[in-house]
């Protein structure tokens, strides 16, 4: 629970980030009147895809090369709820890179309040789901995008 | 709007049907406190897959043969809402069959009340989405499953 | 099936419309590699909410007045599939208005091709789901938004 | 990442558990041909609701008393993918209980292989989302359900 006591609510200053604004659709809400907790995992994907588009290459290029960036771990911490039609700002950055895997972090804000902090781990796999070493050009790009790079 | 004035709320007596009971999960509800209307289209799919499993062959066999049964039309009529944890009974039957397409009908009940009536049209396509004539064994099977057959 | 033979793929010239561009997220796709057919019903909602925001009033005002605009019928016709990261343009317009109900039409385009045509019917209900007459100011607004008005 | 190195793939022998079998619907898959990672968070909810039904009381009773068991943290570790129509067995148990919060653990199996391990933390809140002390009868029940109790 270390992450909860010291939630990381901002990217390191030197890190490349991607940011998107998302207006909560009615179909994302549940009978508690707020966004259902499972939907936030989708918001993370939206910002991660945007991060790759802006800083690396569109995700379809991976697919064209026979690769996927599979999700192997998700962790989400809920700080505040969201309601229909609120606009949430999702910020995503690369947290770490290894030979076959990489990690992202996320923070979601609404009205200057932290809504969610999250992290995801990923492995590069082929279209059959088998782990593959990350292409070296990708790894070089990712390393330059890391905080402090 | 003909269907609405005379909704079909039961399968013809001679028709093969498939029935499944579905307990409404919390994540299917929205901020109106009821099942979000888009989710019913998923309930139709569940019962259609069950119909094929019971009366034709499992859907994966189609995929193994390089075929999909693509959806080309959906029509849903909402008669009553559903809440979390209610159990809805979904009944599905084959309505018509042609050379490259077929149609299903559905009725959903809860506590002896009609919740939804629906119909869907489908075309047999290959894995690239191009229309394909229905394999003749499939068409024979489907014709036997029709009402009155 | 009248609508399919003569699909309405454009709003009447005199009609107020709302248009939004939606980039297909990965989580909207299914194992056929295309957007799952149930998700289009959500795209309709996005454009309908946008229509109300632009031409009537934000949907939350309805909720604040103890009203919902419940969906009572959905009809969707699938003309072409959509893949991850394609941008679809959703156009929505008001089709008809009566004392307690109203109807919208929709057309979705991608790369100048028609992806989907659709229509939805709605009833004004209170927060318990009981039909309510449409407030007269709303009805006046809706009538002005109709084609030919 | 402690959990990943030593994933907990079975409930303590003394713990009360709830188990449900879930057949993967087509609409849960994505263009990788497997269950989209966000959907697993919904599977956890299904088993948690089942746990409360079997061992505590139906979730609606909480709602009737003006309470929700809000999700404040989710952690999921993906070990193997799932495809359409596979049957996954979801097992859920209570992991810990405090004055205003509680935690569950989960393991998902398919064909004797671990598919997913997960944990969620929850807080008891009122219908406006404010933290509330857990009713003492509930806390007593939960403590009896804990491993080793």
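Every chain is named by a letter (A, B, C and D) in the order it is written, and numbering of its residues begins at 1.
As a working rule, a contact is a pair of C-beta atoms (placed from the backbone, for glycine too) under 8 Å apart; a residue touches a chain by one contact, two chains touch by 3 or more.
Note that this is a predicted model, so its numbers are computed, not measured.
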Sharing over half of the contact pairs with A-B by residue number is what counts; pick that pair out of B-C, C-D or B-D. C-D
Taking mean CA positions as centres, which chain lies farthest from subunit B? A
Counting in whole Å, what is the centre-to-centre distance of subunit A and subunit C, each centre being its mean C-alpha position? 30
Report the inter-centroid distance (CA atoms only) between subunit A and subunit D in whole Å. 23
For subunit C and subunit D, what's the span in angstrom between their mean Cα positions? 36
Subunit D touches at least 2 other chains through residues 26-27, 34, 38, 42, 45, 84
Subunit C residues touching subunit D in their complex are 26-27, 29-31, 33-34, 36, 38, 83-84
Seen from subunit C, its contact residues with subunit B in the complex are 1, 4, 32, 34, 37-39, 41-42, 45, 68, 70-78, 81, 127, 129
What residues of subunit C sit close enough to touch subunit A in their complex? 25-27, 42, 45-46, 49, 58-60, 84-85
